[in-house]
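Each chain carries a letter (A, B and C) given by its place in the written order, and its residues are counted from 1.
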Amino acid sequence: MGFNKVRGIIEALVFASSEPVRPREIAGILGINEHTVCELLDDLIEEYRQKKRGIQITQVAGGYQFATNPEYADFIKKMKKAPRHTPLSQAALETLAIIAYKQPVTRAEIEALRGVSVDSSLNTLLERGLIEEKGRKDGPGRPILYATTGSFLKYFGLNDLSELPAIDDPTVPGTAVESIMNIDH
Amino acid sequence: MGFNKVRGIIEALVFASSEPVRPREIAGILGINEHTVCELLDDLIEEYRQKKRGIQITQVAGGYQFATNPEYADFIKKMKKAPRHTPLSQAALETLAIIAYKQPVTRAEIEALRGVSVDSSLNTLLERGLIEEKGRKDGPGRPILYATTGSFLKYFGLNDLSELPAIDDPTVPGTAVESIMNIDH
Amino acid sequence: MLLKKRPGFLSRFRHGFRRNGQRAEQPEYKVKLDIFEGPLDLLLHLIERAEIDIYNIPIAYITEEYLAYLRTIELLDLYYAGDFLVMASTLMQIKARMLLPRPPETLVESEENEEEDPRRELVERLLEYKKVKEAAAALRAQEEQWSRYYYRSGGTFPDLEEEKPDDPVGGDLSLWDLIQAFRSLLESLTPRLELEGMPVEEESIQDRMDEIMQRLSRKPQLYFSTLFSGLTTKKSMITCFLAILELIRMHRIRVRQDRLFGDIEIIRGEEDDGGLQ
């Protein structure tokens, strides 16, 4: 493998990882020694540092990771604040409803109610700041508990959670949320 | 602002967004005209394309976004913290194909074509954000209409729906998709 | 989400196998609808396998084949049987109409108003469905190509989230082939299965899944026939088959067949590669 290709693969690995990548892991994947990996990483870091680039490779928590150039943080904030055109999907909304009425609640409990995997909706809701992790539940595996945030209240124009609308659809008998949502904690 | 800085900010914005960024949005944030943004983006794309880089800027779903070089996919797969690509099930894919080519379409129309109940695949597709509800059809029952989303375009690497692969199997006479898929709305 | 089952309808189509109460013993287990593509897919599979002209389907033959599959599906107690039953009755209606002798008047009438082939509507539906499959195949190719692009993690791009595996039937073999293989096994073992009723050790689908994975950790592949050869009751065979379906769904195994009518081979799936290193 040529030098440029190895460097390219390292760049791709650092970019694609959801957590900081350790040189040792890269070395294992490429079948080259760790020292060489570190040298190539230093080289990449140096290259990104030049010319006011928008992104750079940072060393964090014993690994390497891409991040935006902190000089440009204000512009990025502007983008994040820009209103999203995409409304919440029905799936995300259902997940949010369960969290709102049953908080704090674990993923497994939400999935039990919705009957589908909710990883994707949880991510969307976390990303939009409508929910947050709120400690862990006692018991096996100590699963993460989710709850709504202040942004959630703001988004729906509520003062506090007690103002959540009572959901009891009289057109459908026997569907009071309280009974449907009454799963075991 | 200097040229390098503007370019750097654009690079940072494209990187920071979890969804493809439109040149118009970048232009709004920077207070420069959209045409200039496009030129700078083209310039950046070209730069990344050189030298077997690990990452590149792709044009997808009407915007721009960073992605790894597909040549290195096999190495990324070996990484522990690599995002996992879960392919769609055949059933979900068939449902999605009908929605993509016939949108907006009701569940009953999809079921008529597939010959099975599609609740489960609709759920999967909604959950993964590949489709969304898009209003209701006039007529009895006012059934929900489904359409594909921006994430759909991104998932399949399309800029817009006109880029959907043309399906016309010459081995089956008179069954061009256009005619076969032309059920009543 | 799951299609409601109508047990009353099922018994009408049951000929060979007697229900042996596995439904009551495994009430919590349901194979998700998403694995199967439905009656039109099964019909196309049967037509392609028999190399039949889609415009001239031998309806009696196809109906027989279809019902044979249906009996196996029913035996497995899968929850989408309703869709398959509708098609079964459609097929039998067409078959009946094809058997009706044409009254002499229609010969005269047909000059101005041509007698319609009872199969016409079905053929149209099959052709339409064929196009859907082609569209799905085109999207699959596109999906494969784009799965090589990795976007930054932490986004909402559905691809990036570590979701539980969806339900693709991994492997190069259609599920219909698998059910066919299971059916033949059951049929060939019927005499031995008469021993049913003798007390046997209870075995859950999970136990079976564990066992299959354990055997696969020692050997690169397992054969369908060997896996089933040690089983002595219909119930244990069904449990074993459901375990295979579940492992396929979880991407932990794949099934393939080297040649037509060859033994079906079970190999480790992508999701289980980690166990090798």
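Note that a contact is a pair of C-beta atoms (placed from the backbone, for glycine too) under 8 Å apart; a residue touches a chain by one contact, two chains touch by 3 or more.
Bear in mind that the values here come from a model prediction, so they are computed numbers and not experimental data.
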What is the chain whose Cα centroid lies farthest from the Cα centroid of chain C? A
Chain closest to the middle [Cα centroid of all protein chains]: B
Euclidean distance of C-alpha centroids - chain A vs chain C, Å: 37
Euclidean distance of C-alpha centroids - chain A vs chain B, Å: 20
When centres are defined as mean Cα positions, the distance from chain B to chain C in whole Å is 31
Hey, what residues on chain C touch two or more of the other chains? 1, 150, 152-156, 158, 160-164
Counting only residues that touch at least 2 other chains, which ones in chain B make the list? 15, 17-18, 66, 68, 71, 76, 81-83, 123-124, 128-129
Using the touch definition from the top, list the residues of chain A that touch chain B in their complex. 2, 4-5, 7-19, 21, 25, 29-30, 51-55, 66, 68-69, 71-72, 75-76, 78-80, 82, 86, 89-91, 115-118, 120-121, 124, 127
Residues of chain B touching chain C in the complex: 15, 17-19, 58, 65-68, 70-71, 73, 76, 81-94, 96-98, 100-101, 113-117, 119-121, 123-124, 128-130, 151, 154-158, 165, 167, 169, 172, 175, 177, 180-181, 183
Using the touch definition from the top, list the residues of chain C that touch chain A in their complex. 1, 150, 152-156, 158, 160-164
Residue set of chain A touching chain C in the complex reads 12, 15-18, 66, 115-117, 119-120, 123-124, 127
If we count contacts the way the header does, which residues on chain C are in touch with chain B in the complex? 1-3, 32-41, 80, 82-83, 87, 125, 127-136, 138-169
